[in-house]
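Listed after this line are the structures, all set down as structure tokens.
Heads up, the next two complexes both have chain A, just with different partners, chain B and then chain C.
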Partner chain A sequence: MKARRDIKTILILVISIVFVGLIPLFIKGEYVLNMLFLLCLYTILSHSWNIMGGYCGQINLGQAAFFGIGALTTRYIWVAGYPFPVALIAGSFSSLILACLIGIPTLRLRAHYFAIGTLGVAMIALITIQNALPGVDFLPASLMSDYNPTIRFYTALIVAALTIFAVYCINNSRLGLAMKCIRDDEEAASATGINVVRYKIITLMLSTFFAGLAGGLFAYYYVSYYYYVPFELMWSFDPVLIVFIGGAGTVVGPLIGALCYVILKEIFAISMGQVNVLIFGVVFILIVLFLPKGLIGIKKR
Partner chain B sequence: MEKDRSFRKRGLFLGVFIVLMLFFSTSLFAQTAPKTVKIGTVVPLTGRMASGGKDVKVGYEIAIKHINDNGGVMVKEFGRKLPIELIMLDDESDPVKTTARLDKLYSVDKVVAYLGGYSSLLNVAGMSAGEKNKVPWVGVTIAVEGPFKRGFKYIFAPFSMSSDQVRAFYDILDSIPKPDRPTKIAHFEEQSDWGVECGRYIREFAKKRGYTVVTDQKYATAANDFSSLILAAKSAGADALFSVPSPPQSMVIVRQMKQLDYAPKVTTLIRGPDLTTYWDAMGADANYILSDGNWHETMKYPNNDKLVKDFYALFPKEKSIGLPVGAAYAAVQILADAIERAGSLDRDKIRDALSTTNLVTVRGPVKFRPDGTGIISYGLRQWQNGKLELVSPPEAATAKLLIAPPWNKR
Partner chain C sequence: MLSLENIDAYYMDFQALWDVSMYVEKGEMVAIIGSNGAGKSSLLKIISGFLKPTKGKVIFNGIEIQHAEPQDRVEMGISLIPEGRRLFSDMTVLENLELGAYTKKARKEKDITLEWVFQVFPRIKERINQTARTLSGGEQQMLAIARALMSRPKVLLVDEASLGLAPIIIQTIYKTIQEINRSLQMTIIIVEQNVRLALEVVNRGYIIENGRIVGTDTADALLNSEDVKKAYLALG
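Right after this comes the complex of A and B.
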């Protein structure tokens, strides 16, 4: 039964990724590429939050700091002349290092205190960058001349596919099981022999690594932005929103959530103008009230 | 006879050939004119920059109405006037959405040019979209000079730049008679490229003109408490203040100055007090505050009276018009003029025409430097009993500068 369900999930994911990859072949234009890129970016970022919040039950609101440091490092190394994949991996590891330095001490905090502590980390990072780097990060003319949004989208698609695959593996591993145990009851998990602190650290490392990857892709796609933009708090709150819309602690949920958040929200914004903010807010409240397991919960009902 | 017939045949053949050529040249080679000239803009209509975005929106809409009431812009390649169609989208004050929606305007709506949004944060995203997509971008309310030193080709900013704004501040200090003239400057430096740039000019000009910067305090772009900065300025005895806060910050600064009883003779907050809504939010506390004045409703340039009349017809309760309204109106005039001179809807031709702009807009003559920054007249406006009065430059001033008294005497 489980094997059949797994095959079904894999099939859905593979078909979805292939479908998204085929769209630019039939619908041309920068706008479509931009939307699909954002879909991939938000899928990776929301999965990075999902690992920590959805699977392990640790509400991390510091994701913006890890996303931002990933963007900053990737851009710096890439602009310095290194190949983009090298810069991207380096950016992800920089997030991981930040997690070791700042994130791990916050793991001493529990429940709401952990959420507030990590939010504090994000705010400190934002204010530090605003003061230390007040300028605009422009892509140099040499990199701008061969700017190709298609290549950027497919790069993001590959990274998103790898992220989803990694989350799928985590979901079906002993690690995933331990994370879910910690989420459901930390004391009980500890009593059954799970090293809670160790698993929390591993989860934080994985989560921040993927947040750094998403940040690196942001730095790859956007031509110019204020240095502090990838550190803004929306990068902490948006993934939470997406995961709750799609379904926390699932492999497919963040993908569905990102689809709604990026594509539906854009359709609302273009067709309804300013009212879209209100409508999307109401839709989100209704989902939280009536579908606590997210949109993926409809199927289970 | 035979010769005549042959000659006639040849003539007939030649005539038919010419008629056919004319027919094909008009039917095959002439282009069908589009119904409208599509111009795109992404403006913050919601979110933290919405108050400024709304002024920009009004300026664009009134300008386009005026142009379209006269039949639109003359496009030579189609041999007739075409109305302007403005496609305006909201970016919710989020630069990620600015980029996405400008890409939509480019690839889906096929706009021929962009008009700018509001605030440097969002305009920086807009500029890169213009350069990336090779769509001419005419900005409104962009004052930072740094981005224009990068060799961009499609970016134009008909606005007063950082150096103009700081120079206007010192010009107005110079105009105050000596016994009353402030000499000690307080500078609150926003940690944005614009804020840092203005800070550099504040220090440079102070040295050249014999002023002393007694306090030079930095603050983050998201800061919402300025009490420590204000107390530092007060204790240093600063009698003139300069800063470039965001619109909400400009309100907090003035309220906290009142609470802490700090009343410098001259307070210049370039951004925030220049908006239509500032008096509504601040009431009499807005009095004596100076802000950017590169446009004013009393200016005698062509069409300015029409703009002012239509604005008050739309918003009869407003007492003054925000600066971005005039700046946005002028941006539309500049773009329409460039399209007419280009005689084409080709983006590169419009860009070339923009670079040679020499036009008198509602805010006066406008030209561009090779880097895309505008050469325009600049000045300062001051809130005086609910009205924004132009107090500098002296030749265009509508009122004299008022020195701010202590808070308990206002």
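Right after this comes the complex of A and C.
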């Protein structure tokens, strides 16, 4: 019974990834490619939040710092002349190191205090970068000459597929089970012999690793941007929204959430400008009130 | 096998336990009785590691463990069935049981333990694929006991197993706990507000009042003591 459900999930995931991968072959244009890239980027970023928030129940609002440091490091190493995959991995590890330095102390905080503490981390990172690196990060001409958005989109797609696969494995592992226990009842988790602190640290490291990957892809795709842009707080809040739209603590949920988010944002941002932020606030409240398990919860009801 | 020596414990500024000493022998079943807020649950928290004493020692099989974390004490063989059961209610019965065997040692013997737990609780076996929240109160309590047994404990701590259950089910639960104690020689400490019920199943009891142990005796002696009758059994 459970095995059959697993096969169904895998099928849905594989078909959707292949489908997304085929779209650029039939619909040409940078606009579509950009949307698809954002879909992949948001899937990775929201899954990174989902690991910590959805599975382990720790509301981390510092994701922007980890996304940003991943972008900064990846870009720096890539521009310095190393192949992009090396830069990307280095970027992810830089997020992981930041997590060890800053994240682990904040894990001593519980519940709301953890959320506020991590938000503080994100704000400190943002303000630091705004002051330390006020300029615009341009790609050098040597890298511009072979710039190809199609390749960049497919890179993002592969990373997204690997991320989803990793979350799928976590979901079905003992680690995943321990994470869900900590989310449901920390004290009962310790009472069954789970080392809560150790698992929270492992979860944070996994989560930030994927946030760093997403940041690296951002740095790979965009030609020029202000240094502080990947540190902006929206990279903390968007994944929360996406995960809740789709369904927290699930493998497929963030995928659905990212799709809805990219489409809605495109519609609202074009027609309403900054008011779209207000609309997403309302969407978030409605989702939490009426669909606490996200869109994926509708089917289960 | 397990002893507490001169334990003081605080919740912030409030002292919950005062110079508490007690012991349990291997295979013994002991009750801690007392009224609301007397410190019964605090005592279990000291033994399971959720509350650390400011003074005194917890000695388990000759080792001082007062500084050990709860999960490490589970590994050593001290398992708590928390008050209010604290099941993982969105997970299935089987998942809850598997979680009970999370420690390294218990994992190796998981299948054997599971077989045995199903023998003790046949009702649980019928419901392995249901989520824990769909069980009745009594079944949930049985699952909580079963989950604790999955860790292969040497000492089982039972906190208010009667909470929110019908009298007839409470009887069944305590009979089962007694059965576990007798057939496996498992050391069991129970905390219970229902004093008569507790004293009927255990060998020995400690009476705790305002955070202090005020008396200890065999269960029979306590049941017949005038003080206990007056204070806890609403007799005399």
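In this text, the second predicted complex is superposed on the first by the 282 of 301 C-alpha atoms of A that agree within 3 Å, B and C clash if a C-alpha of one lies under 4 Å from a C-alpha of the other, contacts with A are read in each partner's own complex, and residues count from 1 in each chain.
Everything that follows uses one rule, which is that contacts are C-beta pairs under 8 Å (C-beta built on N, C-alpha and C of every residue); 3 or more make two chains touch, one makes a residue touch a chain.
None of these values were measured; they are calculated from a predicted model.
Once the two complexes are laid over each other on the shared chain, residue contacts for A:35 go to chain B alone; chain C is not touched. Look at A:177: by the touch rule set out above, it reaches chain C but stays clear of chain B. Applying the stated contact rule after C-alpha superposition, one finds that A:190 touches chain C and leaves chain B untouched.
Once the two complexes are overlaid on the shared chain, A:266 sits against chain B while remaining clear of chain C. Looking at the superposed arrangement, the partner reaching more residues of chain A, out of chain B and chain C, is B. After overlaying the two complexes on the shared chain, residue contacts for A:23 are found with neither chain B nor chain C. Residues 28-35, 38, 126-127, 130-131, 134-136, 138-139, 141, 144, 147, 222-226, 228-229, 234, 266, 269-270, 273-274, 277 of chain A are the ones that touch chain B when the two sit in their complex. Considering their complex, residues 45-46, 89-90, 92, 94-97, 99-101, 103-104, 106-108, 121, 124-125, 127-129, 131-133, 146-147, 150-151, 190-193, 195-196, 218, 220-222 of chain B touch chain A.
Chain A meets chain C in the complex at residues 1, 174, 177-178, 180-181, 184-185, 187-188, 190-196.
Taken together, the chain C residues at the contact with chain A in this complex read 48-50, 69-71, 74-75, 79-80, 82, 86-91, 95, 98-100, 102-103, 106, 129, 147-148, 151.
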